[in-house]
Amino acid sequence: MKVTDILHRCFRCGYCKFPSNYEDFNCPSYVTYRFETFSPGGRMWVIREWLDGRLETSNRFKEILYSCATCSNCVNHCAFPDFRDMLLDVFRYAKEKLIDEGDVPPPVRDYLTNLYKFKNGFGIPQKKRFEWAEEVEDYDSKKHNYLLYVGDEACFDPVANNMARSTVELFKKINVPFGILTTREISDGLEAYNLGETELFKEIAKRLLEIFKEVEAKKIVTISPHSLYVFKKIYPAFFDMDFEFYHYTHVIRENLSRLTNSKIFKKISYHDPCYLGRYLKDYTTVRDILSFFCKDFLELSRNKKNSLCCGGGGGNFYTALTQKNLENSAKKRIVEALELGVDCLIVSCPICLVMLNDAKKTLGLDDKIEVMDVSEFILKYV
Amino acid sequence: MMQELIQGLKDIVGGEYVSTHLEDRFFYSRDGGTMESFEPDVVVLPQDSNQVSKILSLANKNKVPVYCMGAGLTLSGLHRAISGGILIDMKRMDKIIEVNERSRYVVVEAGISQGKLQAYLKKNYPHLKHSMPDAPPAATIGGNVAIHGSGHLSFLGGFHSDMVTGLEVVLADGRIIRTGSCSVSNYWFAKAPLPDLSGLFLGWFATTGIITKVGLKLYPAHPLSDVRVLICEDPKIMEEIIFKVTDLNIAEDIITWMTPKPDWARGFLHCNVIYGAKTKDELIFKRDLLFEQVRDLIDKKVTGFLPLLPFMKKRFLDVPGKDLVRFADVRKGGGFEYVGAMIPTNLFSDAYKLGLDIAQKHKVAYSLGSRIIGNSHSMMFFYAYAFNRADLADVKNAQNALYETNKKVIDIGGIPWKAEIPAQKEILKKMDKNTKGLIFELKKLLDPNHIMSPGNLEE
Amino acid sequence: MYKLNYDPLICKGCKTIDCLVKCQYQDFKDINRAREEKNKILNGEYSKVLDDCRTCYGCEEYCPNNNHPFYQIVELQEKLNIKNVPDPIFKQQLRMMGPKNRIKTQSLKPPIIDMCLFPQLIDNIKGKLYEGASIIWGGDIFCNIMWLHCANMSVILDRLPKMIQNIYEYYIKQSETDEIICFHDECYGAFTQLAPAYGIDVPFKPVHIFEYISKKLDELKLHIKPLNQKIAYQRPCSNRLCSDMDEKLDEIFHKIGAIRVKRTYDKNTPLCCGSVLRIQQKDREADEIQRENISDMKGTGARIAVFNCPMCMMTLGEEVAAQGLFPLHVSDLVRHALGEI
């Protein structure tokens, strides 16, 4: 089935913008903009008009396309199983066309330029990537079980970087032999792919794979679920490869017995990141870890495949299109966690960590709730 | 003037919630049915009654048309801006204001989705529920009562407009009024004993005012439920089944369905009877009562209950059910529309035959069925025709079938529900003259500048 | 036309009338009354048996002379238009389960597992037990003997031979094996018992799933960890067309260390799962039988209820679980013993 074969099949029924129990809107870009055009069905209809030449490229159109956080809630909840798996392919197809036209919103353009020039989306010289990690060894396949791929966000964003530091510290504490690509790590390219810049994505992916091969990596652990996803599911569609990929939480769970099982008396909850959850269907690893330490684990009512995306996927972490208006999904998430009555909202993705921390600050709730990732949490409380 | 008006709207709701972009105007210009597009000049998303009031004042002063949309799911294109102007999308007004547990009602903002209210009650008042239509969960409470919707508790409680206990409405000039007990008391418990002003806004296609709050009856939500499906081959027997089953007061919802696809269903008439219970024994007791009620027909072997395994039942017990929505893809083309005709139950056979004839004549992919409203007092008989949106001839064909169905329905004595504009005209043609006159006078009284949904309820 | 191969004279001279006397659903303690009713049946006249039969297939097993008492009943029910299922239901089911003419020629690798019409349990076909298996199923190879429950033999005689032919033409002819492993007792019973009773030719070798598993377990001996679990078994109606296969189950249980508990309703006196009674609009009776059946299971102290028939499992599974027993398909039980679950 071609993407253009399904465009006209959307019935604009709107199942796609809800979680399974319909409790509230679950499409982060719709939550921000509230115009139907920013819902998955709206995108389908508008893209069709545009492809058929009845709508011209406009700033609004570009905003509609690029504010999709690729959270895949729609893919999971569209009422039509025959074509719902292709919704994001449709959106990407349109973005690819925009890229071909050379007409994308300024923040998207800036991101891609950075990525092209600096091999990371932050536009920071690569040599600064691991300034924080001077103590960490360079990966040596003879010595290390794992190659830790840290990724752009956890290297360059100060908040997300805490997550990388904690993971490194925790890995050391539980004696996981690992190394990093101290001088060679580059972006994983996923956001280029999501933004429709497929050529740049391929170039980056090809280079990164070469590096993985050159250092004879076998088991690669990622901090970001986004990296894990792109390595496991997108790279193989373009390249032959033979590596094992893990998320850092997998390694923690493997080694739980090396941590003292001191019970933590905190009320906590967990925010499922889209790329580990809905995309890779891993809903258990983090829960296993947390329930190992905590008695009071509470579920947010939108959890697992119904999780409400933080709004940072699909490049929105960089372009901030989902953060344009006063309301946004990250703020809603913080309010939900507070209403649940937890002290701590745990995440397992650097993008979620930043987005939710930002939301908490903007809401002035800094002292009401902690947002931290699994490794930070363990280091702080175990 | 338009620029000023738009600035005015932005001042009222905030710039980010006003759009004149072509993309938005395009999307809001139509729905998933067959009706042609009419673009609004501007789409606006208010957050509360006061904002709605200010929008209407502004529009009234400038004599600019105002249309109102909930989720736009009627499929008959009722929210389309026939004369351009302002389209209000109500969905930001989605707060739950009050649940009165003992008096079993809820007060909500009109733009709240059916899904949100359902989930809220399940979580916070698991022993209470409202009557859900089988529309997609995005459908709004306001939009649904405004068109006399019906749903999963309609056998018990009638039309959803019958379940309204009070309304808050913004009139064309911006005045905010209330109907029902809430106009006198703090409680939204009933329309009686006052003059029933709610009737001025229910069934009027937003030509008399915009509903901003709704008081709605709630009903007991039983922990257990079951569905029994009776089947027969003769519509006359189905009439008898309906009469017998509705004579017994156990059901919450009774629907019939007749569809040529899948092939095994073709030619058979099915009747789903759904009921709830507190205990398993009660559930079985009700099942047995139901059996006794139709036993004579079963003994004649002309009907029976389908043997359904638990996983099969789930599909019929899902609220809202997804089967109808999926009908939109039978032509692999994202579209269907249905004539929902309000028909006295005694006309079941005629209504059914009418549907088969039209489907055959127009060679259109069809699905027929009905929901019984009240104790067999009437039914909403639906004639759903699917089409492939990418094939304009197919769309036209479905549109013709719908038009003819509307006319035939009126001929046999029914009335099209949520009628498309052409069908509205057919209804008015058949309507008692004095009644029609009064309707037009009331419209004029409430909307002297003719800004409210122009094009609707007009000859 | 296929004709039932039976000898009325044997019945006339029968001393025991086991077919009726042993019936669990009718009371024929008085053998004379049994003989009276049997004679009516033999003479093609109405007998109350035609109305009271619950279609449990039991008498096919009880008759020591293999004289097909149940098929005699079904033929007569049909001839005298004694309907045990409402017309529209029968007709709809008939259409639902009818041939779809979608079967395509395939060359299949053994073992070929025949799942009959029902794909629901396809997930069970995995692990060492079924390594490399090819699965076939669908309306074009449906054995159709369920119409025995609906007082109708002619549909079976019309459809079954075609289905058998389909299996042969489309699958067996170009495959490396002539063995068809029947996942359901129904198919196996149809091929090995009903077909011969009517002289229908079966040009391949039907193998019962129990035979297959039992043999396979010998190969997998080293992997078996004995279960040491008490099991309540739900013997399905169709297994009564192939009683010898019930012994194969004992063999399997023995090999995996499962203990088939003694229960009132197993072996020669199993109880209907109730699904048939529900099609026959006998819900109250079905409730009672199910209650009786499950309480008997519970009473044995078994923690696991094992099924072979998918219909029994789907019908009883939920309630069995609600009553604290763990419902499992035979295959899954075996996979437990193989450490795969």
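Per-chain numbering from 1; labels A, B and C assigned in written order.
In the analysis below, contacts are C-beta pairs under 8 Å (C-beta built on N, C-alpha and C of every residue); 3 or more make two chains touch, one makes a residue touch a chain.
These numbers were taken from a predicted model, which means no experiment stands behind them.
Colleague: Chain touch graph shape: choose line, ring, star, complete or other and state it.
Modeller: Here the contact pattern is a line, an open path with two ends.
Colleague: Determine the chain that sits nearest the middle of the structure, using the mean of its CA atoms as its centre.
Modeller: B
Colleague: Going by the average position of its CA atoms, which chain sits the greatest distance from chain B?
Modeller: C
Colleague: Would you say B-C or A-B is joined by more C-beta pairs in contact?
Modeller: A-B
Colleague: How many angstrom lie between the centres of chain A and chain C, each centre taken as the mean Cα position?
Modeller: About 52 Å separates the centre of chain A from that of chain C.
Colleague: Indicate the whole-number Å distance between the mean C-alpha point of chain A and the mean C-alpha point of chain B.
Modeller: About 39 Å, centre to centre.
Colleague: Where the CA atoms of chain B average out and where those of chain C average out, how many Å apart are those spots?
Modeller: Inter-chain centre distance comes to 48 Å.
Colleague: Enumerate the residues of chain B that touch no fewer than two other chains.
Modeller: Within chain B, no residue touches at least two other chains.
Colleague: Quick check: what residues of chain C touch more than one other chain, meaning two or more?
Modeller: none
Colleague: Which positions of chain B touch chain A when the two form their complex?
Modeller: Residue positions touching the partner: 16-17, 19, 21-24, 26-28, 31-32, 43, 45, 71-73, 89, 91-92, 113-116, 118-120, 122-123, 136-138, 322, 325-326, 328-329, 332-336, 388-390.
Colleague: Spell out the residues on chain B that touch chain C in their complex, using ranges where they run on.
Modeller: 231-233, 262-265, 268, 284, 287-288, 291, 298, 301-307, 309-311
Colleague: Please name which positions on chain A make contact with chain B in the complex.
Modeller: Against chain B, the touching part of chain A is residues 8-15, 17-18, 21-24, 33-37, 42, 45-46, 49, 54-56, 58, 60-61, 64, 79-80, 82-83, 301, 324-326.
Colleague: If you look only at chain C, which of its residues touch chain B in the complex?
Modeller: 83, 85-89, 91-92, 95-96, 275, 278-279, 281, 283-284, 287, 314-315, 318
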